[in-house]
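Scrolling down, you'll hit the structures one after another.
You will see two complexes here that share chain A, one where it goes with chain B and one where it goes with chain C.
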Partner chain A sequence: MSALNERSLWRATWVIFDKDLRVELRSKETFATLGLFGAVLSFVFAFGFIGDPAVNLQVAPGVLWAGLLFVGALGVGRTFAREQDNNAFTALALSPIPRTAILAAKVLMNFILTAGTMALMTPLLALLLHLDLTPFALPLASLIGLGALGFALIGTPLAVLAVGARFPEVLLPMVTFPLVSPVLICGVRGCAALFGTAVDDDYWAWAQMILAFDLIAGLGGFFLFEWMVSE
Partner chain B sequence: MAGSSPRHELRVQRLTKSFGEHYALIELDATFKGGEVCALLGPNGAGKSTLMNLLSTLMTPSEGELWIDGRALSEVGARILRGRVGFVGHHTMVYGALTASENLMFFAQLYGLSHPEGLDQLVAERLEEVGLSEAARRPASGFSRGMAQRLSLARALLPDPSVLLLDEPFTGLDQEGVAQAEALILKHKARGAVIIASSHDLSVMERISDVALVLKRGRKAYSGALSAELSLAELYQRSVA
Partner chain C sequence: MSSDLTVGDPPKPSKAPLFWMTLAALGMFLAHWLVFIYAPMEGTMRAVQRIFYFHLPSAWLCYLGFIMCAGSSLLYLLKQKSKHDAFALACAEVGLAFGVIVLTTGPLWARAAWGVWWKWEPRLTTMAILFLIFACYWVIRSFGGDSPPVRKFGAVLAVFGAPNIVFVHIAVTRWRGDHPNNIQLEPEMRVVLYSCLLIFIIIYALALRLRYRVHMEERTASALARELSRLGG
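This part shows the complex of A and B:
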């Protein structure tokens, strides 16, 4: 990629991200929806699994990553919601920017929304399940952050397929969930290793696997996005 | 005809677009000259929107080539052409959550535009041209269809395009809005822009058009200048009969 292309990619990414962030800060629509959804999920999980803290610690990895799955799916489903109003996506696709800039801005926004919601949901879950997760705060945040990034990298390019589809709310989870399952599995196993509920497991190895998956998904998405928009 | 000499030219050669077994456009050859308004006409399903989408690079042709100012699109690159095209479509393509000014500023930044007095001035000028100065700070979600259509026209004209593609540009506009849109189209025609417009309002099309391209089932049914003897409606009827 030439220096000129790189400059226009970053500039366009920033312009689109800035627009999305400004609209979100003004309406707080998506973040409020995700936050409320995350809180409700936390209470449902807490009342479903509440028991001995030692048992809670064993179910916590599954609960956390199920939460990320639902929150991420909801966020990814809203990716192009504003572009679908009045078909604004067409105007975006018609502008002389590298189309990967659209993807980069949307991935960034989805990552912030999902990671932000999980940053609120995780302490709430810990509180409701009577768990002290403070000793694991940093590695747990990095695992969940990598997971949120993976979800955004996989789900965001797929969300463009749902633009103009007849049943986008059905189509998107159908194609996203199978592809994101390796991230979820690694995340659950990584958390279990971190909490010490899985024997002979190394948290860092699972984190590296998520990172590798993020890189593969990211590269795939960026290479295919132009074609996906055109077709 | 425009008094100024044509500066831009768009040419399509054996342009074909198929969707599986269905051919929406079949081996179309046409030249669109700058400083002329071409009325693109045809019954529903004739291939008008497909042609617009191909010319704007929203779609890629199944076969054939597109030339802009004598250079093939494959040589120029779709991104360069996109920067030179203004497009008004069936939908207004405006962001309801943004104000009229913010909508134009967003696209001005994406197009990398500049103005000696700053982008704010450019946006203000474009809003004034379409009669939306008073509504500049209002969210577009509260706009009527006509106001949103004006904003859509302002967005399309923002980069002073070499090619202006107008698919039903007068939808929702009141008489004043139609007159403003007509004046803007003629202004860009005088600049030497290639203008291709499609509308079911043949009376307006007759006023602004110099040439016509009539499509029927994906093929060219007529291409040429409008004649003094035949109204556009009659020319259209004869072509698609």
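This part shows the complex of A and C:
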């Protein structure tokens, strides 16, 4: 019985994720919006912070992680917007599948959207700020990936609840930003360690802290989600 | 008619708050006398050190308020009882009030001790972020309406927010840290600190009780109003 439940959880997660991905691949609506937003942000940051290479390397971690927060907030806000049409979310919540599957699928989708946008935005920022980030490509990708996952894990359950509230577009970033501040601090310090602007620091220790945050936020979110959508 | 209501009868007025309010008011006079006259002058920080007697008890009670808010919010999420939500809201409000004292007295001390109003130091950062999270909670609860989704949103925010602080603290400690630690207090100083703490606890409990009752009575009033409009319609 439990094996069946487990299988149905994975299956339901996959079905919802597949549906979201298919809709996104057909319309390309969210990804195009996020990608363009990421590009606009990169230019704004470049206008604001461009200086000599040493200065650029110092501001780069902050710029990257501020970008991740903005992109993540925009993406998370869109999570349930599509489900609101025709009251699809109620149908989804009433369907005989584990509710955690809905959360898992949405977290996965948000993670892919945020990480995908960051994969475009990071090289663009490096280009605009005259930085060579190729030596750090892999560790940087892992740091940003863990950060994007943390943002999705915190932001997605909150996005479900914001659907019924007033001003969801303001509410969501307002509450998500302070909650993901540990990810932001670790991410910025981790990047600084990686780029060599912070001496005697190890990027891997910061990555481990983001990983621990992701694990705990994920466990908490999945545990509470059942009660969050109980009505 | 009240038997149709899901909420209880209006609570009977009691004289207890008056007693505690008088005690708290007298206690505050005592606290000022203790802090400014009884407490000995500290060697290095001089008079500025006296801020500490209000700062530290406020910080403890601010943390207590937020932890109680998170606990009560978790109960609300699991049991969906209105009283847990009202209690969580009252805890957050009282915690925020003490948080304002901490974030006002802290920079005043920091300016004298460190020469700057603010430092990115673990305890300051932790308190600031915790305060921000619960300020968001309060804004949502105050302006977002009082529907079950808003209550749940607030509850989730509080439940995620309080443990989150452990991470902020660890992260900033690794980054930088120089808050006064293991302060050695003279016996008179200790008397002043714990007296202030006791007086602040009375104020805390009183404020919590009053805010909780206000929230519960607001709910009774709106349930009555709904009942009336149902009967009228």
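Assume the second predicted complex is superposed on the first by the 229 of 231 C-alpha atoms of A that agree within 3 Å, B and C clash if a C-alpha of one lies under 4 Å from a C-alpha of the other, contacts with A are read in each partner's own complex, and residues count from 1 in each chain.
Note that in this section a residue touches a chain if its C-beta (ideal position, glycine included) is under 8 Å from a C-beta of that chain, and two chains touch if they have at least 3 such contacts.
The model shown is predicted, which means the values in this text are computed figures rather than measured ones.
Residue contacts after overlaying the shared chain place A:224 against chain C, while chain B stays out of touching range. In the superposed model, A:175 lies in contact with chain C only, and not with chain B.
Among chain B and chain C, the chain that touches a larger number of residues in chain A is C.
Within the superposed three-chain model, A:209 lies in touch with chain C and out of touch with chain B [touch as defined at top]. Of the two partner chains placed by the overlay, neither chain B nor chain C lies in contact with A:124. Of the two partner chains, chain C is the only one touched by A:166; chain B is not.
In the superposed model, A:19 makes contact with chain B only, not with chain C. In the overlay built on the shared chain, the residue A:98 is in contact with chain B alone; chain C does not reach it. Of the two partner chains placed by the overlay, only chain C lies in contact with A:158; chain B stays clear of it.
Within chain A, the residues touching chain B in one complex and chain C in the other are 230.
Chain contact summary for the complex, chain C toward chain A: residues 77-78, 80, 129, 132-133, 136-137, 139-140, 143-145, 147-150, 152-153, 156-157, 159-161, 163-164, 167-168, 170-172, 174-175.
Remark: chain A residues 8, 11-12, 15-16, 19, 22-23, 26-27, 82, 85-88, 90-98, 230 touch chain B in the complex. Only residues 154, 157-158, 161-167, 171, 174-175, 178-179, 181-182, 185-186, 189, 205-206, 209, 212-213, 216-217, 220-221, 224, 227-228, 230-231 of chain A touch chain C when the two sit together in their complex. On the chain B side of its complex with chain A, the touching residues are 56-60, 79-80, 82-83, 85, 87, 89-98, 102, 106-107, 109-112, 148, 155.
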